[in-house]
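The following pair of complexes shares a single chain, subunit A, combined with subunit B in the former and subunit C in the latter.
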Partner chain A sequence: MSIELREIDKHFGQYHALQKISLSIQPGELVALLGPSGSGKTSLLRIIAGLETLDEGTILFDQKEVVHLSAKERNIGFVFQHYALFNHMTVFDNVAYGLKVRPKKLRPSKKEIEDKVIELLSLVKLEHFAKRYPSQLSGGQRQRVALARALAVEPKVLLLDEPFGALDAKVRKDLRRWLRKLHNDYHITSIFVTHDQEEALDVADRIVIMNEGRIEQIGSPVEVYENPASPFVYDFLGNVNLFKGRLRKGELINGDFSFKVPGSNLDSEQETVGYVRPHDVAIEKEVRPNTVKATVLHIHPIGATIHIELHRPDTNDYLEAEITKEFFTQLAIEKGDTVYIHPKQLKVFVPEDFSI
Partner chain B sequence: MTENVLEQPHTLPKVKIDSPTSEPKWIRRSLITISVLFLSLFLLLPLVMIFMTAFQKGVDVYLASITNSEALSAIRLTFLVVLIVVPLNTLFGVLSAWLISKYHFKGKNILLTLIDLPFAVSPVIAGLIFVLLFGAQGLFGEWLLERDIFIIFALPGIILATLFVTVPFVARELIPLMQAQGQSEEEASHSLGANGFQTFMRITLPKIKWGLLYGVILCNARVIGEFGAVSVVSGHIRGLTNTMPLHIEVLYNEYQFTAAFAVASLMSLLALATIIAKNIIEWRTKEVSK
Partner chain C sequence: MASLTAKKQKAFRLPGFKLSFGFTIFYVSLLILLPLSMILLHSLQLTWGEFWTIISDPRAVASYKLTIGASLVAALINVVFGTIIAWVLVRYTFPLKSLMDGLVDLPFALPTAVAGIALTALYAPNGWIGQFFDFKIAFTPLGIMIALTFIGLPFVVRTVQPVLESFRIEEEEASASLGANRMQTIRHVIFPTLIPAILTGFTLAFARALGEYGSVVFIAGNMPMKTEITPLFIMTKLEQYDYVGATAIASVMLIGSFFFLLTMNIIQWLIQRKYTKRVGA
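Showing the complex of A and B:
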C-alpha cells in the first residue's frame, strides 16, 4: 500500500511539533524516520497510525483519505518501543488478540486462529513459548511477540516506533537483520522510527531525516550519507570535524591551511564551516604541501579501525581521525607525536542555510 | 610478590554491628515497647472490650440483641445501602478515573478537586447540605412534599448522604494507578482492531482489577460505618431509618450497653474481614507486579 502525507501540521499546546510535512512512500518500501529526540518523528508515526490527531493536512493510503478513520479502522500494525504486550495474557493469546476481537462475521474459526498464531510464532522463532507470559521472556523475545501480534491482523502498513530502542546492542543487531529479511519476504510497506543513524543506514530503503518538526532530507542511505543536504544532516549522520574559516575565490582559509572547495568560486564575509568526516582526514608523518601540523593526543583502537584524537596548534582545534589498523601499523605513530594532516574531502554549505 | 611475609595483624576486637545504620539496642527496644503498648491500649484493648461487654450477660442475651426486629432492620438497611451505594460509586470511580487518566480536557483539575471534596468536608456538613436541599424547610422541600416524595428521614436521603461521603474511594485508588500504567496497551488494542468496549473489558479491566477491588473494599467499609452524614438525614426512626451505627448509638444512649456492644461486635467482625481482604489484595498486587 502506498502512503502519501500532505502538509501535515501539528501543535502540542504552544509547541509546533510538525510543520507542513509532506512525504510519499511507495508500496513495499521500508522507510526510516530518523532524527534526534523532539524532532517530531514519533508524533508523525502516531499520526499515520491514527493514535494521534493532526491539526491540518491529509493522509492517503492507496490514494484514499484516511484522516477520519480511527486506528482500529486503518488496518495497520503498530509496534511500540516498550512492547506494550498484554501482560495478563499468554504469548499465544497476545498474538491471537487481533483475530479474536474481530466481529463475528469476520472472525476466523478457532482452528484457523490457532494455525495462524502457530505460523506467526514459528516465523518469529518462538513456537515453544506460546504458553508463557510476557514477563517470562527477554526483551528481544518480547519485541518479537509484539511483531507477531502486529502481523496477525495482516496489516497493509507496519509502523514501528523505535522498535529496538530498549534492547541491548547485540540483540538489536540481530533483530535488525531479521526485520530486513522479514521485509524482503513479505514486502509490507513499513515505516520505522529511530534515533540511531547506524540502524537507519543499515535497514532502510529510504531515510527521512527530521529535525525540529521539519524534514531535512529524504534519500537512500548512500545519498544521505554521501550528499548531506544540510549541516544538520552532515552532523547527525556521523562524526564530523569542523574547519571554520572564510572563503576566498572558492578556497576555504582555515588557520595555516587552505582548501579548494570543488565547484565553488565564492567569497564569504561571514565565517564558513567545512565539514570533514573522520575517515576523510589523511595523516602524514612528513610535511607535504597543503598539510597542517597537528599533535596526536590519544589513540583508541576500536576493532579494525583506530580512532585518533588530534590537536591543531594553529587554530587550537581538536580533530578526530579514523584509519585502518593496517595503515596505523605502517604509519607507526605514538601519543605525543607531531603529524601533518589534510582533508581528503571537505563539504561546505553556503552561509544561507546555516543552522549550527 | 615480595620476599617479606607480612606480619599477620593481631585479631581485631570483635564489634557486633547488625547494620551500619541501625540504632543502639536500647533505643530500638524502647521504641518497639512504646509502639506495642500504644497499639494495645488504643486498638487491641477496645476490640477486646467490645467482645467482652457484648458477651457479659451470656450468649443468649447476645443473640437476642442482634436478632430482635430493630437490630435486624438496622442490619438489613445497612446492607441495602451497601448494595446500592457501592456499585454506583464503583461505576462512577471507574468512569472518572478513565476520563482523567486518558483524556486531557479543560477543568480536569476542577473535577479532581470535586472528587476530593467529600474527604475535606465533615460528614455532618454533608448531611446538612441534603437537609437544606430536600428537607421540609429546604430548597426543594415544598415541591417534594406536594408530590409525596420523601428524601430526608427516609432511605433516599441515607443513600444520597452515603454516596456523597464515599465518592472518592474508588476513583482516588484508580487514578494514580491508571496514570502510572499509561495507555500503550490500550493503543495496541485499538491498532489491532478492538473497539472501546472490547479494549476496556479485555485490557483495562484486567490491568486495574486489584486496585479496583481494593477501592471497592475501602468504599464498602466506609459505607457500612458511615455515621455523621447518615445521622443528620436519617431521623433515627427505629426499625425504619436506623443503620447499624445509628442503632448502636440509640442503644447506648438508652443504657443498653450489652445490646449496643453486641451490634458493635458484629460491625467489628465486618471491619476485621475488610482488613483481612485488604491485606490479601495488597499481597496479591505485589505478587502481580513482581
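Showing the complex of A and C:
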C-alpha cells in the first residue's frame, strides 16, 4: 500500500512538533524515519498510525484519505519500543488477540486462528514458547512476539517505533537482519523510527532524516551518506570534524591551512565550516605541502579500525581520525607524536543567505 | 550442599537481617498474636458443649448472617464504584480533582460514630433522603449496608488507583491498533491487570466491614434477630458481664476472618504465580 503525507502540522501546546511534513512512500518500501530525540519522528509515526491526532494536513493510504479513521480502522500493525505485550496473556493469546477481537462475522474459526498463530510463531522462531508468558521471555523474544502479534491481523502497513531501541547490541543486529529478510519476503510497506544512523543505513530502502519537526533530507542510504543536504545531516550521519574558516576564491582558509573547495568560485569572502569525516583525515609522519601539524592525543584500537584523537596547535581544535590497522602499523605512531594531516575530502555548506 | 550454602549466603548478604527479623517477630507477637490468643484462651474456659451452645445460639447465627451478608454486599458495591472512581481520578483532569481525591480518604479519618449519626439523619424515614422512599432504609439491613459501603470505599479506590496509574497506555494503543474496540480493550487488556488490586481492595473493604461497629450501631436499630450485627452482639454480652460468651463469639469472628483472609491470599498468590512463573528456572 502506498502512503502519502501532505503538509502535516502538529503542535503540542506551544511546541511546534511537526511543520508541514510531506512525504510519499511507495508500496512495499521500507522507510526509516531518522532523527535525534525531539525531532518529531515518533509523533509522525503515531499520526500515521492514528494514535495521535494532527492539526492540519492529509494522510492518504492508497490515495484514500484516512485522517478521520481511528487506529482500529486503519489496518496497520504497530510495534512499540517497549513491546507493549499483554502480560497477563500467554504468547499464543497475545498473537491471537487481533484475530479474536474481530466482529463475529469476520472472525476466523478457532482452528484457523490456531493455525495462523502457530505459523506466525514459527516465522519468528518462537513456536515452542506459545504457552509462556511475556515475563518469561528475553527482550529480543518479546519484540519478536510483538512483531508476530502485529502481523497476525495482516496489516497493509507495518509501523515500528524504535523497535530495537531497548535491546542489547548483538540482539539488535540479529533482529535488524531478520526484519530486513522479513520485509524482502513479504513486501509489506513499512516505516520504522530510529535514532541510530547505523540501523537506518543498514536496514532501510530510503531514509527520511528529521530535525526539529522538519524533514532535512530524503534519500537512499548511499545518497544521504555521500551527499548530505545540510550540515545537520552530515553531522548526524556519522562522526565529523569541523574546519572552521573563511572561504575565499574557492579556497577554505583555516589556520595555517587551506583547501580547494570544488564547485565554489564565489568572489566574496565569507565565514564557513568545512566538514570532514574521520576516515577522510589523512595522516603523514613527514611534513608535505598543504598539510597541517597536529599532536596525537589518544589511540583507540576498535577492532580493525584505529581511532586517533588529534590536537591542532594552530587553531586549538580537536580532531578525530580513523585509519585501518594495517596503515596504523605502517605509520608506527605513538601517543604524543607530531604528525601532519590533511583532509582527503571536505564538504562546505554555503549558507543560502550569504549575500546579506 | 553447595547450593544450600549459596542460598544461605545470599539471604544474609545484606547486614541487619537478624536484627530486623527478630524485631518483626517480637512486634507482631506483642501487637497482634498476644491479644488474639487471649480471646482463644478465654474461650478455652468453656467445654465444647457450652462453646457450641453459645456460638450456635439463633441470635448469634442471625448476627453472623447479617454481618457477613451486609459486609459482602457493601464490599461488592465498593468494588464496582471504587474502581470507577479510581479510573476517573487517574484518567481525567477536571477542576477540584485533588479535592475530590482527598474526599475519598475522609471515611478513613472520620470517627465512625459521626458517620453513623450523619447517615442515620439522612436515611431515617423523615431524613433528607429517607423521606423520598416509601420503605425504611435506616434501621433495616439496607441501612447497615449503606454504612458499611461508606466506610469501605477508600480501600478499593486506594488499592486500584496506583495500579491504574502505572498502567502503560501503550498496551491500550496496541490493543486499538490490533482492531479492538474500546470495550474489548477495557475487558481484555485493562481489567485483567486490575484484578489483583481489585481483589486486595475487596478483601480490605470486606474485612473492615466485618469488624465495623461505630457507624453501624446508630443506623442499624439493633433489633435482635433482625438488625443486630455480630460486633454489637459481642458488645451486648460484655455489657452484661458475660465475658466468656463474648470471647466465644469473638473467636468465631476471629477464625472466620482468618480463613477468609487466608483464602484471599491464596487466590492472590495463584494469580501472581500464573503470570510470573518461570519454566525451568
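Basically, the second predicted complex is superposed on the first by the 347 of 356 C-alpha atoms of A that agree within 3 Å, B and C clash if a C-alpha of one lies under 4 Å from a C-alpha of the other, contacts with A are read in each partner's own complex, and residues count from 1 in each chain.
Just so it is clear, contacts are C-beta pairs under 8 Å (C-beta built on N, C-alpha and C of every residue); 3 or more make two chains touch, one makes a residue touch a chain.
Predicted, not measured: the structure shown is a model, and the values here were computed from it.
Peer 1: Once subunit A from each complex is brought into register, does subunit C clash with subunit B or fit beside it?
Peer 2: With subunit A as the common anchor, subunit B and subunit C collide in the superposed model.
Peer 1: Which partner chains sit in contact with A:172 here, subunit B, subunit C, both or neither? Use first/second/both/neither.
Peer 2: neither
Peer 1: Looking at the overlay, what does A:277 touch: subunit B (first), subunit C (second), both, or neither?
Peer 2: neither
Peer 1: Could you say whether A:88 touches subunit B, subunit C, both of them, or neither, answering first, second, both or neither?
Peer 2: After superposing on A, A:88 lies in contact with both subunit B and subunit C.
Peer 1: May I ask you to decide whether A:136 touches subunit B, subunit C, both, or neither, giving the answer as first, second, both or neither?
Peer 2: Second partner only.
Peer 1: Going by the contact rule set out at the top, does A:195 touch subunit B (first), subunit C (second), both, or neither?
Peer 2: Neither: A:195 stays clear of subunit B and subunit C.
Peer 1: Could you look at A:347 and tell me whether it touches subunit B, subunit C, both or neither (first, second, both, neither)?
Peer 2: In the superposition, A:347 contacts neither subunit B nor subunit C.
Peer 1: Which positions of subunit A sit in both the subunit B and the subunit C interface?
Peer 2: The answer is residues 49-51, 70-72, 75-78, 80, 82, 84-88, 97-98, 101-102, 146, 149-150, 152-153 of subunit A.
Peer 1: Could you pull out which subunit A residues touch subunit B in their complex?
Peer 2: These residues of subunit A touch subunit B: 49-51, 70-72, 75-78, 80, 82, 84-88, 97-98, 101-102, 146, 149-150, 152-153.
Peer 1: Provide the residue numbers of subunit C that touch subunit A in the complex, in ascending order.
Peer 2: Interface residues on subunit C, with respect to subunit A: 168, 170-171, 173-181, 184, 188-189, 192-193, 274-279.
Peer 1: What part of subunit A is in contact with subunit C in the complex they form?
Peer 2: Listed in rising order, the residues of subunit A that touch subunit C are 49-51, 70-72, 75-78, 80, 82, 84-88, 97-98, 101-102, 132-133, 135-136, 146, 149-150, 152-153.
Peer 1: Quick one: which bits of subunit B touch subunit A in the complex? Just the residue numbers, please.
Peer 2: Of all residues in subunit B, those touching subunit A are 184-185, 187-195, 198, 202-203, 206-207.
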